[in-house]
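Below, each structure is written out as structure tokens.
Here come two complexes built around chain A, the first alongside chain B, the second alongside chain C.
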Partner chain A sequence: MKINFWFLSSIIISIIVVLPILVVFSSFFQDTSNYFEILKETFFFEYVFNSLTLLIGVLFFTFILGVGAAYIVSFYEFPGSNFFKWSLILSFAVPPYIYAYSLFAFFENYGTAYTILKNLFGEGNYNQLIPKFDGMFGLILSISFSLYAYVYILARSSFLYQSQNLIELGKNLGFSKIKSFYSVILPAARPAIVAGLSLVAMETLAEFGAVDFFSVNTLTTGIYNAWIAFDDLAFANRISFFLLLFIFILFLTENLSRKKAKYHLETRGGFKIKQKIKLNGVKSFLAFAFCFILFFLSFLFPLSQMLYWTIKFPDNLFDLKLTELLLNTLYLVFLSSFVLLFFSLISNYGNRVSKNKILNILSTLSISGYAIPGVILAIAFITLIAWFDENMFQVLGLLSIKKIFIGSVLGLVIVYCIRFYSLAFNGIKSGYEKMNIAVDESAYLLGYSKFKTFSYIHLPYLRNSLLFVLILISLEIVRELPITLILRPFNFETFATTAYISASEDLLEAAAVPSLFLIVIASFFILLTSKYILRENNE
Partner chain B sequence: MIIVIILNILNILNINECGEKEEDMKNITIISVFVSLILSTFATANEVNIFNARHYKADAELYGKFTAKTGIKVNLINGKSGALEKRIIEEGADSSADLYITADAGRCGAMDAKGTLQGGLSSAAIKSAVPKNFRTSKWVGIAKRARIIYYSPERVTGAELSGMTYEGLADPKWKGRLVIRKSSNIYNKSLVASLIKNNGKKATAAWAEGVVANMARAPKGNDRAQIMAVAAGEADIAVANTYYLALMLSGKKGSEQQEAAKKVKAFFPNQDGRGTHMNVSCAALVKGAPNKKNAIALVEYLLTPEAQEHFTNNTFEFPMINGVSPSPLVVNNLGLDFKQDMNTKLSSYGKNQAAAVEVMTAAGWK
Partner chain C sequence: MSNYFEVKNVDFKVADKTKVKNVSFSIENEGDIICLLGPSGIGKTTILRTIAGLEKIDEGSISLKNQILSSKKINIEPENRNVSLSFQDNSLFPHYTVEKNILLGAEKNKDSKNKKIKFNEVIDLLNIPTILNKYPHQISAGEAQRASLARSLITQPDLLLLDEPLSNVDQSFKEEIQVNLKKILNSLKITTIVVTHDSYEAFYLGSKCGIILNKELKQYDDPYKVYHFPNSVEVVNFLNRGILIPAEVTSPKSLENKDLGTITGNFIKPFPIGSKVKLLIQPEDLQHDDKSNLKFEVVDRKFRGTNFIYTLKTSTNHLIPVLVHSHHIHQHDIDEKFGIKRPIYIDHIVCF
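Let's turn to the complex of A and B:
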């Protein structure tokens, strides 16, 4: 084993990222308090039941919406098909909690739907006629419309790469379109779809804002409540442990199916760009209608509801310190993405040059941060800092470090890094995987040092991957809520926290302006990446 | 933040090298003087740190006025009360929090029970402004609200309401006609805590079961949603705080809600007995507050007629002090001549909170 700078720094980075996860696991073995013993028992089953209901509901909807849209867009040509191809991923710009605000506001008593009906048909008590989308069903819809794009993107890329031979095989066997969809296309895309669904599942289990808004008790809000209302960190960590087990199963499923997906992707030879089937008449209208309704419901609807409120209550627009919010948001975005890119480059490179097993295991573990809900990470981080402070710094007679890490931008950036490390690490890793190790060896032969190889050969080569990763991280941080909420410093708000706080104080219409800005910024980031996400050739 | 790092480095240097080299000693002394200079500028920084769970725009304006008047800068961290309380507790003695401001006496009481508050809010100005049952030495009410009954005049008769009490909410005649928020809501916790204080835990447990049996729907939504449910015909009576109706009537929530608010009327319960359940927005002095003096000054300012008028006109709460009138919207639509419960100490809300949650959960109050 060669121990050098790269190896050491990769090890240190990985350990820092893994620590909070270990905290959660270790506290499983601590005693919980007896406080609310009976309540715990009742609540726990409610948490599990609600989480499962939510999960199944969301998986059902995202599967139908994601695969349906991907199928139509990849195989058929109809008016607007090129537009829908990219516009359907705009739903990513609307986080579930903002979708939840829109859904609630539209359908509530005397809400937007009521106003529309009143303006159309005059006075009347329409409230009883308007369906109410709140509670569990509203929650399932909010999360599904916000997350189906994961399934859509992965299913679509799988459909595109599917060997033309396979589809022709179906045709030759005399299968109808529906039959070849079920018997040929869908099974071949299964690994990609499973991967998409597992991502949806992880995000659903980690969801905090929307779940809190509809006050449905899931494992994630249960953790938060156990910590906050019952003062029981050990119990919170114990629920986290179960949630994590759950998530790790999903995580493994996702990893396994991704490996399989790769296998399918690489059936070269038979690959040729498919000729899309042109639809006419009713069929073309139906395809258009499906995509349009999906685009409308997932993106235009929340956008218009927020826009409507902003116009209806313009005071809120002028009350908000927009520049400050924008600067804060961008500050966090740039600082965190810079740190993340820097560390994941080092540890990727460290992995590449040292080929060490321990390091490999550590970095695999460290990327699981993405599977851990932000709420848990933030709590684990505070626990960890408090422990270090009590057991090391105060024992040594040093000053407290709590203020440096809790309620500071530094702490915020560290936890963001832990949470989004896998995005950065994997993004760069996939870039590295395309670069043959022989490139490095040639460079060494030419007398390049490791550092020179890294900065003159790797960096330029990875430029596109880096850009892509940068934008993905930015998108995540703009939408991020629970970590920012728990760890942010004094007088420091982002669009996400402003929206959440207004909404939780029954000032939903004041949440519209920050939500609107958040959607616009996120859409901008999505449009920047759409080229990479939707690429159709085998780059 | 940087200072703490520097001091830690200094400490390490002190431990390791102090005795050995005089030269180093000198350097360190110079650095220490320098650092203490920086520190002193920080120590005298004229500010007050508020962990704030009330997010009215009006409050921010009020803090601005305070700064203009006294030169004391107000630093805010906004959040939901639970998360803020947690951070104060986790940060412990190192917490930068001076004041914790939140919208329920039960929360201030619970923070007190956890030993995170300190005495000091007992200046003559505070004592003379705030009635005894609305304060302790650790926290003080800064604006009042009542939790009352709203009803539909179309569907509820005067006879039905006559002599109505909180206790009466469990009467079977309201079966399928009542809406109220979830049991996790702090206003409900405090209301039930006050019932436990007055009627005992056992009676309140039976009462909670009666209330659950009367509910028109599973509890959902905020106070405003309860009032709108009565307006929309989903229920006949609702329990909600006073300022919500005024807020809806003000038109700040749009013309539809203004219209909805006109369809319901307010009723103050327990007028023949102890009076209507009162609650406050409260300011609590955090233990180890780095700017204790400024914190007390701010609380005193919030109790001046100027600040109280600002509260009543913007948040539609009742003033904490005498001599300030509530907003005309409150006076005209809710009335003023009601008997407030001045005997039940608000500090009992925090003390009986756990029992309240237990009683409600046992009754199946979601």
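Let's turn to the complex of A and C:
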């Protein structure tokens, strides 16, 4: 085994990323306070039951919405089909907690729906007629409308890349459209759909803002409460352990499905753009209506609600320190993106050149950060720093390191990096996977050193992947809530935390302005990435 | 005088799995071309990759121009050996045009005082002027292979390694490129090792041929000898150009077969009289004679353009190949009788 710069750097990076993840697992064996006993007797099964109900509900809705929309826009042509193709991913710009604020505000007593009815039909007792979307059902809807795009994107790309031959074979065998869908198209896209649903499941179990807003007790809020209310880190970590076991099953499912999903992506020459079927009359209207309603409910509705409030209560706009929030958000975005891209590039190249098994295992572990809810990661990070502080720095008589890492931008960026490392690592990896290893070997044989190969051959080749990863990380950081909430420095706010704080103080109108800005910034990032996410050829 | 290039007692491995063991061969002079021939998956590519420095060795040594490139203790990195490898699969830089790819090759050794191959020369040689502005994903596998070959050629290495260089190239271009390639390699004195599974390509390009079978280099000799004097039954079977029939040695210059009768000629290896041997019969060993009374039944006829290969079934159920010029007037159909000229004389008798 040859130890060189690339190998060593990759090992160090992977260990840094893996450490807090290991803390969660190791803390399972630590002592906890009485809270564990209290909880076991009272709410624990409620947490588990609620988490499962939420998961099943969200998976059901995201499957219907994601696969349905993907099928319609991939195979049919109808008015607006080109517009819906990309606009349906805009729902990513609305995090579940902002969707929850909109949903609640629209349907609440004397809310927006009431105002609309009053303006249309005059005063009346409309509150009884307006359905209420709070509690579990509101939560399921909020998360589903925000996350269905995961399933939509992966299913659509699978439908698009499905071999034309496969579909023609179905026709040749005399299958009807419905039979073709069930017997040929859907089974071939199954790995992609499972991968999308697994991502949705992981995000759902990790969701904090919306769950907290609707006061539904799940494992994630249980962890947060154990830490906030009982100051019991060990127990917070113990619940995390249970949640993580479950999430890792999903993580493995997603990874395996992704590997299988590759099988029907054909290489050069195998991709043919399918001729879409042109719809007319009622069918065309139904397809349009489905996509429009989905686009409206998932994006226009929360956007309009936030816009409506911003206009209705303009003072909130002026009260908000917009420049400061924008700068804080951008500061975190640039710093984290830079660190993440730098680390992921080195680590990927290290993996590529050293082909070392230990490094490979460490890398696989390190990308699991994405599967771990932000709340858990933040708490694990605090646990780790506290352990180092007590057992190493204080023993040696050194100054406490808590202030350097907890409640600081440094700590925040480190945990962002752990959480979003897999996005950066996998994004660059998928760029690398398209490059045959013989390309590197050719470069060496042309006299290029490893560093020159990296900078002259790899970096120019990976520039599109890097740009895509950069935008994706930015999008995630703009939307991120629990890590920022727990680890941010005093008086350091982002659009997400400002919205959360206002909402938790029952000032939903005040939450509208930061939410609106968050949606606009996130939409901007999504539009930048849509070219890559939705590409229809393999150029 | 020492050899220009030498492989001495090397085990070629990939991921600790031995592919070819205890290999030794050499290239005597600068500019020689040799070919390594063997079935797919036998380890030919591993040999090239190891020579290029992409795989390491635990035993023996590989040296070029009296300098050790690889041994148990020494391993010169690929970028520091002046060895070029043209991969079988597309290894072009995907984000550069074909032209840029080839020009990157030209940058290597640009200060060398050796006779240079010109860019246009290599482009014409490989018939790729029309794809210069295209990207690797826009060209066919055969074109990519030729572009990769151009990039390797233009580096003018001390040793050029070609891994199945023309396997994806259309048959119509193949022979023309083979001729041009050999010409240019000879004129620039570029020492080359070609790996192929095509024996015709190997026999044409190589001044020497190595046959790799069952994890061993079975024979390393000039192509004529490899074909006519195979040193083992395995080589005969691999080349698949003849069959082995039982015979008994009756004198220092003759043997007897139950179907063919007496066969005379020169043994390439002496056998004691009375030995039971397996005699190699190649298609060109027997001659057709319509008037002969030694007749066998035709069971197959392959038209090869310049000739026919008839397969005859003997009374002991052996299938003997016989070559006949394709202008031969009497074409024999399946099940017809086919005459063999007597007495049978084979210039070099190969027995095992």
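Throughout what follows, the second predicted complex is superposed on the first by the 530 of 539 C-alpha atoms of A that agree within 3 Å, B and C clash if a C-alpha of one lies under 4 Å from a C-alpha of the other, contacts with A are read in each partner's own complex, and residues count from 1 in each chain.
We take it that contacts are C-beta pairs under 8 Å (C-beta built on N, C-alpha and C of every residue); 3 or more make two chains touch, one makes a residue touch a chain.
Computed from a prediction, not measured in an experiment: that's the story for all the values here.
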{"item": "Fit-or-clash call for chain B and chain C when the two complexes are aligned on chain A", "value": "fit"}
{"item": "Partner chain in contact with A:Asn125 - chain B first, chain C second, else both or neither", "value": "first"}
{"item": "First, second, both or neither for A:Gly407, with chain B first and chain C second", "value": "first"}
{"item": "Between chain B and chain C, more extensive residue contact with chain A", "value": "B"}
{"item": "First (chain B), second (chain C), both or neither touched by A:Tyr444", "value": "second"}
{"item": "Partner chain(s) touched by A:Phe313 [first = chain B, second = chain C, both, neither]", "value": "first"}
{"item": "First, second, both or neither for A:Glu108, with chain B first and chain C second", "value": "first"}
{"item": "First, second, both or neither for A:Val520, with chain B first and chain C second", "value": "neither"}
{"item": "Chain B versus chain C as contact partner of A:Tyr461, first or second or both or neither", "value": "second"}
{"item": "Nearest Cα pair across chain B and chain C, whole Å", "value": "40"}
{"item": "List of chain A residues in touch with chain C within their complex", "value": "268, 434-436, 438-439, 441-449, 457, 460-461, 539"}
{"item": "Interfacial residue positions of chain B with respect to chain A in the complex", "value": "1, 4-5, 7-8, 11-12, 49, 54-57, 75-80, 82-83, 85-87, 89-92, 94, 96, 114, 182, 184, 218, 220-225, 228-229, 231-234, 253-254, 256-257, 259-260, 354, 357-358, 361"}
{"item": "Chain A-facing residues of chain C, complex", "value": "49, 52-54, 77-80, 83-85, 87, 89-95, 104-105, 107-108, 137, 148, 151, 155"}
{"item": "Chain A residues touching chain B - in the complex, by the definition given at the top", "value": "36, 39, 42, 108-111, 114-115, 118, 125, 127-128, 134-135, 215, 225, 227-229, 231, 312-313, 319, 382, 386, 393, 397-404, 406-408, 410, 485-486, 488-493, 497, 501-502, 504-507, 509-510"}
